[in-house]
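Listed next: structures, encoded as structure tokens.
The same chain A turns up in both complexes below, where it pairs with chain B and then with chain C.
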Partner chain A sequence: MTKTLIRYLPLLLLALVWEMAARFEWVSTTALPPLSDVVRAWIELMLDGELLRNSASSLYRIAGGLGLAIVVGTILGIGMAWWKPVNVLLAPIVEVFYPVPKSALIPVTVIWLGFGDGSKILLIFLGCMVPVTIGAFNGARASEQVMVWSARSMGASKLRVLWDVVMPGAMPELLNGIRTALALSFILLVSSELIVAQKGFGYLIGSLGAGGSYDAMYAVVLTVAFLGFAADRAYLEIVRRTLAWRSVA
Partner chain B sequence: MQKPAHIFIDHVSHMYRPPRGREVLALDAVSLEVRQSEFIALLGPSGCGKSTLLYLIGGFLPVEKGEIRVDGKPVAGPGPDRGIVFQHFALFPWKTVRGNVLYGLERQGMAKAERETRAMEYIELVGLHGFEDSYPSQLSGGMKQRAAIARTLAFDPKILLMDEPFGALDAQTRGLMQMELLRIWQRAPKTVIFVTHDVQEAVLLSDRVAVMTARPGRIKTIVDTKFDKNDPDIFKNKTFVEKVDEVWNLVKDEAIKAQGKRSA
Partner chain C sequence: MNSDMQTPRNGVPEMLGRLAWTIVWGFARIFSIVALLAAWEILARTGTFTPFQLPALSAVLERIWSDAVSGDLAINAGLTLYRALTGFAICAVLGIAIGMAMSRNVVANWFFDPIVSVGFPMPKIAFLPVVILWLGVYDTAKITMIVVDAIFPVIAATVIAIQGVERELIWSARNMGASKRELLHQVILPAASPQIMTGLQVALPLSLIVAVVAEMLMGGYGLGGAMITAAQFANSTSVFAGIVEIAVIGYVLIKIMVLIRRRLLIWHPEANAPATA
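After this line comes the complex of A and B, so read on.
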């Protein structure tokens, strides 16, 4: 515990420098309102329910988009590693789609599904599916022939082998891909909400900024930053438990 | 216990097709008959196709030319009548020793209470009592191979296929494991096909040694190596020394040929 505190001490220093820079007007308070004002604005946003309402819709979009991406991406990646025709069909699509900046798709998803949740979920789904698919593919492709053969000789059907041997073997790479997807989901969420949305973190940041409430705007930015960090930490804990068999030695 | 099986291999040839490069004839018209409860060693230089022959019997590779029959039925894919033990164990690293041994029993649809008892019985048989909850990464090489052998013996296959099972172990562990396998096999004889390039190991363990030629693999000769193996000083035993010498002379030329081919 003390170790963790010491580890994050630089953050406290940064907060202190921030507060001082604003209080002593080393920088313009419009550009950087004092941290204490930001905290006060955060409490107000929480009390009138504005932040919670917008958090709820943002988290709903992330859960929907990321959840779909994990399920579909895993199936596609393992399918590509396991059946040649699936690979022939999908590999070039994934290859070309991989480097496309997914934020460029924001207007496209809005045309398809409108200003609401649908377009955000679709964007997050499309963007996050790529790292998940690649993770599952690399993991499944590396599955050892002798392990597959062992399972087959013990009476496992081909489908059963996929679930019992290929899936757990692919898990380390797959979980890595999902971690990338998790970070990406926050990026896509906020950027799409900044451009076209009527609620969510991005919408709140944009409208508060446009209205000149910079302390409140910073409060939302910090909230998103903290949520992203907390999600990653929680995820790493899940990974640690899932892959406990690797670290017991 | 399952009745040990009889294996009939008739003019089996196999082409090895690497992802890149040209195809190679790995096995050339191999014929061999393995009797019930017989322990037979496939001995030959590396690259002679002895493992390939084992994988064909296991049903992991398709028999394209010739025929392999187990108890009269042609082999078509892997099945629990033929258990296999690999050189690098092939244990499931995400399962404990118990989980690994249970896996085959689960796939056979054995009832829970029965398979738990059976798993522990075989874990004890290979001397891993106390390690049933360990993961493979926590075990030494010898212990991993014990676990793999327990996993395969537990579901009681009629045939035991062993692919250089002690090849990755240090010399002392290998010696102990050979003795142990002999002890287990003498208690419950199964039909065993044991692939190795170690002459002493082949003579020590098997009833017959099938010496294979350098690539393309053929059966060069079959040497009868059945004699009393219970001599505590077996490595100085006259019959043993003579048999090792005889087999070594047969395999030496092939080993030299295989070396020459590789450096060419």
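After this line comes the complex of A and C, so read on.
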């Protein structure tokens, strides 16, 4: 307990400096409303349901885009590692698409699917598919040939081998790719919602900022930042349990 | 001369065979890209999609050409690059410095460790409106946002890299009488450089992503700003031209980083292994 306290003391100190800087007006309170006001604004936003409504639509977009990206990316990546023709066809496309700053796709997804959920889901899907595909590909490619041979010689069908040997072997790299994708999904979500949206975190931040209620804007910004952080920690915990069977290694 | 010596003795047919194989392989490698581009052009021309949804590739290339001739391309791309690279340079210097301080100094580690471990996984782009509120919408704000976003991978990579330096190396150097400064400059930093470089290779594309988002939100010149203006005027040819331009810049930057890595780490065993872009 005390250990955690000492570890996270710097964050508390920063919060304290924030509160004091605003209270004693070392900086303009418009630019930096006191932390206590931000907390109050957060509670208000929660009570009138506005924050919950917008979180729901943001999380729906992330779930949709990331879910699709994980399914399609895993299939593509393992396909590329398993069947040579798939690799020949897809590897160049992945290589060209990989370095494209995905934020550049925001206006196009809007042109295609409008201002609503569709464009955000498409953007998150396109952006997150790349790290997932690469993770699955690298993981599956590295699966030990000896294990594949043994399983084959013991009479496992090709599909069986894919499911029982290659998939588990690819897991660590794949899960790592998904972690990158998770972080990216939040970045893409917030950027696209800040630029064009009618609901969601980014929209809420933008409209509160435009309306001059900066304490509420800070409240939403911190909420998004915390959610991104919490999602990453929760994911790591899930991964730790999923990969418990590997702990001997 | 060299290649002569390496060619097997049985001569011409073998060489022709290998040449044919190289050509087939090279063609296979670009086949899907060519097919994709052809499909783009055909789908746009046959009217499967309206020009608004998908302007023809030829029209997009023409637009890029006319942007290049009028000088808009140079201004926009130059500004975007300037912001992304300035932000990246600050991240590199500051990130490595903070990472080094954290691994050498207990107080620095105590202070920065929770900030990095909480800050790294956060979607820092959400702070963009706050940065605008503080610094306005010009270069300072954009570059600050880039630094806030892209510095974390550099710090984390530096800390992990220095932790991972083999103890034996450090002990030997100390034994042979290296001073603290010599130890850092001649042993620890070089030994840690591959991983630090990996951190920089994460930070560079991130800088470009953030530069484009910041420009889109704040407007003004720059590739992101130009794209958002074009989108507002429903000028989708320019939007697609922007994507192609940004994609090319991203591709070139990543390739340059790989080259720099090979150059800098030429002494390192990894230089012989295939680089992972």
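Observations on the structure shown:
Just so it is clear, the second predicted complex is superposed on the first by the 243 of 249 C-alpha atoms of A that agree within 3 Å, B and C clash if a C-alpha of one lies under 4 Å from a C-alpha of the other, contacts with A are read in each partner's own complex, and residues count from 1 in each chain.
Note that a residue touches a chain if its C-beta (ideal position, glycine included) is under 8 Å from a C-beta of that chain, and two chains touch if they have at least 3 such contacts.
Quick caveat: nothing in here was measured; it's all calculated off a predicted structure.
When both complexes are overlaid on chain A, chain B and chain C end up sitting side by side without clashing.
Touching more residues of chain A than its counterpart among chain B and chain C is C. In the superposition on chain A, contact of A:P10 is made with chain C only, not with chain B.
Of the two partner chains placed by superposition, only chain C is touched by A:F201; chain B is not. Of the two partner chains placed by the overlay, only chain B lies in contact with A:W245; chain C stays clear of it. Of the two partner chains placed by the overlay, neither chain B nor chain C lies in contact with A:W26. When the two structures are aligned on the shared chain, A:F115 is found in touch with neither chain B nor chain C.
Seen from the Cα centre of chain A, chain B and chain C lie 80° apart once the structures are superposed, a value rounded to the nearest 10. In the overlay built on the shared chain, the residue A:M154 is in contact with chain B alone; chain C does not reach it. Think of it this way: put the two complexes on top of each other by chain A, and the tightest Cα contact between chain B and chain C is 9 Å. Only residues 144, 146-147, 149-156, 160, 164-165, 168, 171, 245-246, 248-249 of chain A touch chain B when the two sit together in their complex.
Residues 28-33, 36, 52-53, 110-115, 118, 121-130, 132-134, 205, 208-210, 212-213, 216-217, 223-224, 227-228, 230-231, 236, 239-240, 242-243, 246-247, 250-251, 253-254, 277 of chain C are the ones touching chain A in the complex. By the touch rule above, chain A contacts chain C in their complex via residues 6-11, 14, 30-31, 88-93, 95-96, 98-108, 110-112, 183, 186-187, 189-191, 194-195, 201-202, 205-206, 209, 214, 217-218, 221, 224-226, 228-229, 231-233.
Residues of chain B that touch chain A in their complex: 55, 58-60, 77-80, 82-84, 86, 88, 90, 92-95, 103-104, 107-108, 135, 137-138, 151, 155, 157.
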